[in-house]
Each structure stands twice: as structure tokens, then as C-alpha cells.
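Note that chain A is present in both complexes that follow, paired respectively with chain B and with chain C.
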Partner chain A sequence: MYRGREGQWAFLLHRISGVALALYLLLHVIDISLVMYGPDGPFNAFLGFYHQWPFRIGLVAVMAGVVYHAFNGLRIIIMDFTGWGVKYQAVMWYGVLALTAIVGVPVLVKVIPEIIGRA
Partner chain B sequence: MAVARPKTLRQAKASYATNSELAWWIFMRVSGLALIFLIFGHIFMNNIQINVSNVDYAYVATRFSKGWVKVYDSFLLGFAMLHGANGLRYNVEDYFKNPQRRFWAKLILFSVVAIVFVLGVMTLWAFSFEEMGDAIDALPHGN
Partner chain C sequence: MKVNVKIKRFNPEADKRPYWAEYSLEVRETDRVLDVINQIKWEMDGSLSYRRSCAHGICGSDAMLINGVNRLACKILVRDLGEVINIEPIRGLPVLKDLIVDMEPFFDSYKAVLPFFINEDPEPPTERYQSAEDREIFDASTKCILCACCTTSCPVFWTNGRYIGPAAIVNAHRFIFDSRDQGADERLQILNQSNGLWRCRTAYNCTEACPRDIPITKAIEEVKRELLWRRA
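Our next item is the complex of A and B:
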């Protein structure tokens, strides 16, 4: 199996995270639109269902996808609009991964205790 | 993949036969930049400042009774739906090689996106949640 180098992994992760985020967006708009049924409608029951821990972990994955897609999107913009971007694309991809971790870890510290019921 | 997608603005200008494809190429970069701020802000407000498991009808209705939230969320909805729909379209163009299947995939994609977009606009603008102020305040977890 051909495993490629940094550029291919950056591209593949951007695609996968992008498709996942687009599908999440559609689901998210639909579930929030249930407020239109009012306080006695299905909104609270529906969100209560989503507040169970498997979906909270899914939400962590969505946030990770957002942060990676955002920073790799910046990397793409830099490659497109500067003369030096393509030359440093591999280094910048490691920067993208580092920034994703730097933003992601504090979010995990905030969110994990909520999920395991200690906050 | 029939034609490799361009990697620089100059290549994009040279290789796209239509103005609309170039416009979408630019839109993905401009909207992407805006979405970084809009979505990071959205996650910060609804996932970091609060425990997202406390989100309920009262929380959402209170948010949607504020004018600035309606405007903020309208930009978020508009940019995100167009950016996401066009991104999904890129995937359809790349991976659906059969022209007939590609046609139907795009038709279904655009139909679903249009319906969900209208649903989002209705949620933001077709209801005056502020008129329900007292009722919302009386609900548990109101904030």
C-alpha cells in the first residue's frame, strides 16, 4: 500500500474532516430547528438523547475535526497566496498538527470531566 | 479525477474554464477564513463557557431572542452551508465517475442542503422568541 507523504495525509484528513463536518452541520441545523415546536415540543427530549456520553464523545471528535480543518485551511490559503507556502507545506502540516493539539488539550481538560460526570 | 485541481491563484485563473468555478475557489478561501472566527466563537460560547449538556429549550430560545445572536448565526449558517455544500460537491465531482450517478448525487445534495438551509433561516427569523420572555424565564435552567 502506498502511504504517501505529509501532503497526501494533510489532503486526506482535510477531506474526511470536511465531509464529516458538513454532515454534522446538516444534522445540527435540523436538531436545533426543533425549537420551532416550542417548549412543549420534542426539543428537550431530543437534546437529552444527544447529551448521553457516546454523543458527547462524538462532539469531541467534531471539535477536533473543526480545529484541524481550520488550521489546515489556513495552511492551504498560505500555499495558495504566498510564493513560499508550497515549499514549506510539509513543515506547516506539522505546525497544523501541533496547533490542533495545543488548542485541543485544554478543550479536553474542560470537557472530559463533564462527560464522565465529575463536573 | 479528470482534471487535477489547481494549487495557486494563478493556476486557478488559468485552468478554470468558467468564472463560476473560479468564484467558488475564491469563496472557499474567503468563507473558510471567516468560518474560523465564527465557529471558534460559536464553540467557545456553547461548549466552553457552559457545559453543553445544560443546553435545553430555554437556553436556545433565550439565545435566539437576542438580535446579535440572530445576525451572528445567520452569517454562520450562510457561510457554513455554502462552504460545506461546495466541499461535498467537490467530493461528488471527484469520486462519482458515472455521469448519471454524479447528476443524481448532486441533485440530492443540493435538495437536502436547500431544505436544511430554509429550516435554519426559519428557526432564526420566523419566530419571535422574545415575545415568550416571561414563559422562557419561568422554565428551569433559564440563563
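Our next item is the complex of A and C:
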């Protein structure tokens, strides 16, 4: 592994979260579209399938991915459109991680008990 | 001090794939990595192949991946690395032998951005005047030694060898922002192609790797904005 610094990890996480979200969105669109086959169609079966444990935990990962990708996207916009952004890219990345964690707190407090509670 | 040096070696005439060769030797902590591999070549294994020329950080011949980071072997001291030193050829360019890579794709990208002064006006009787402020704009970009530390540290370049790469963009920057030069439009058009400037994903490995401390990502972002505002 190349021993890059903040910028490399910011890029790698941005790419991983981006690809993961694109795949999630595709899956999401497919299973929501199944509702057009009516109440007796495959929609409810799929929804039941998604209530299994791995998908519940995956939902937390999806939220983390969305929040990180959004904040890091703002970091990239600042770097691309201002003259000073590049200079503070590392600091801004730590800010992105901190904001992601802060936004993650209500997710942990509110969502995880629901995920675990209604097994 | 005693160091353990691992070098990723490959001889296309004998080996199917690269392998790690290990050497254990006594060196001074003020030795440079170049001194260490010279010592290996001259005293232990004459078949080891690598490029070096000036040995003072100016010719740009001895760029290598040393302990996970691209550096010039002649600019890094043993004491800054410790007792374990891993050396690989720079990534993304075809390995010819041991630490020697084929630099031609790299130089092709460099040549593609027209890295020379373009001005069709008749030569003035005196100098082509440029203020100190105008010179300052592209000062850092003039320092490039074409060692390829930046381009071969770029994750985008590793996976897409046709990406023009940071070194070529820095050298384009050097002329695009030169107040005396008239070739900016042509260079920006070249950089606007699909494997050009926009492949940069700002991973900053280039900036960290540059042995000349050129703020490469900053230069690339300046060229991106120039292209954007000129087209807007």
C-alpha cells in the first residue's frame, strides 16, 4: 500500500462510498419499482428479505457513506473553486470526519435501537 | 549502523515475476539511499540495476518507491528511514529491469502539452519584459526536474496509464500562466481531453511526493479553474 497522507485516504473513502451508494441506489430503485406488481407481488417479500440482520447493519453503513460523501464533496468544491482550499485540505478532511461523526451520533442514538429492537 | 534492505527485483530475461531480494549491510546513518544501493551494487551484487546520474537531486534519474513513498534515492538519508528499507520501482510505468522503468509514456505526456515558449510576435529589439509579480505566478512550476515522483504516486495514473499526469500539467501550468506566452488556449484544449486534466481527483500524493516541493495540486487546480472560466 502506498503510504499517502490525508488526501489519499479522503480520495479512497470518497470513491468507496460513491461506488457503494451508486450500487445501493440501483438496488433501491429496483426493489421500490417492484411495488408496481401490486400487493401480492414480490415487493413485500423483498421488504421482508431486507429486514434481516446484515441489511439492517448495512443501513447504518449507507448513512455513514451518504454523510461522508456529502461533506467531503463540499471539501472538494471548496478546493476546486477557491484559491485557498488546497492549502487547508488536510484540516478540512479532519473536519469532514468530525462532522460525519457528529451527524452519526443521532443516527446511533435514534436508529440503532430501532434496528435492534424490532428484530 | 546495520540496515536490512529489501529491493523488488525483476530481470525480464530470467524471471517470470518480480521478487524481493534482501541485503544486510553496514552503512553510516548519514548515507543516502543512493549510497546504500551503490554499496550493494559495487560490493555485493553487481547485477542490481537502477538509474542515477547527478546524485544531487537535480537530474531526476533516481526516483524510487522507498518505504512506501516516492522519493529520490539521492535526497533521503538512512537515518530518516531506520533499519528497514524497502525499495521498489516507481508504479504505473512498465518495469524494464529491477528499479528501471520505461519513462517513454511519461515523456510522451510531457511533450503533449507543448512544454516550450510560444509567441508568434516579431522579436522585440530588447527583452520580452515580465514583471516580478507576473513571474511569481508560475515560479514553483519552473522547478520541475521530470523525475516522475508525482505522476507515479497518483492513484488515478496507476489504474489509467493514459492519464496525462501531474508532471505534464505542472509543465503546462509553467507556460499557461507565463505573461509572455501565447500558447495557453492550445495547451488548455489538449488538457481538456478525456484523459487530461479532469482525471485529477485531488488525492494530493503528487504534492506530498515532489522532491522539489512544488505545490502540484494547487497548480492543477489553478489550471482547472483557468479552463473553466475561459470556457464560461
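A few comments on the model shown:
Assume the second predicted complex is superposed on the first by the 116 of 119 C-alpha atoms of A that agree within 3 Å, B and C clash if a C-alpha of one lies under 4 Å from a C-alpha of the other, contacts with A are read in each partner's own complex, and residues count from 1 in each chain.
Just so it is clear, a residue touches a chain if its C-beta (ideal position, glycine included) is under 8 Å from a C-beta of that chain, and two chains touch if they have at least 3 such contacts.
In this text the structure is predicted, and so the values were computed from the model without any measurement.
In the three-chain model built by superposing on chain A, chain B clashes with chain C. Of the two partner chains placed by superposition, chain B and chain C are both touched by A:86.
Judged by the touch definition given at the top, the superposed model places A:35 against chain B, while chain C stays out of reach. Contact with chain B, but none with chain C, is seen for A:77 once the two complexes are overlaid on the shared chain. When chain B and chain C are set side by side, the one touching more residues of chain A is B. In the superposed model, A:8 makes contact with chain C only, not with chain B.
Across the superposed pair, chain B and chain C both touch chain A at residues 15, 76, 79-81, 86.
Those residues of chain A that touch chain C in the shared complex are 1-8, 10-12, 14-15, 76, 79-81, 83, 85-87, 89. Those residues of chain A lying in contact with chain B across their complex are 15, 18-19, 21-22, 25-26, 29-30, 32-33, 35-36, 38-39, 41, 43-44, 47, 51, 56, 59, 63, 66, 70, 73-74, 76-77, 79-81, 86, 107, 110-111, 114, 119.
Looking at the complex, you find that chain B touches chain A at residues 7-9, 12, 29, 32-33, 35-36, 39-40, 43, 47-48, 51-53, 55-58, 60-61, 64, 77, 80-81, 84-85, 87-88, 91, 112-113, 116-117, 119-120, 122-123, 126-127, 129, 132, 135-136, 139.
Remark: chain C residues 65, 67-69, 91, 153, 155, 201-205, 207-208, 215, 217-218, 221-222, 224-225 touch chain A in the complex.
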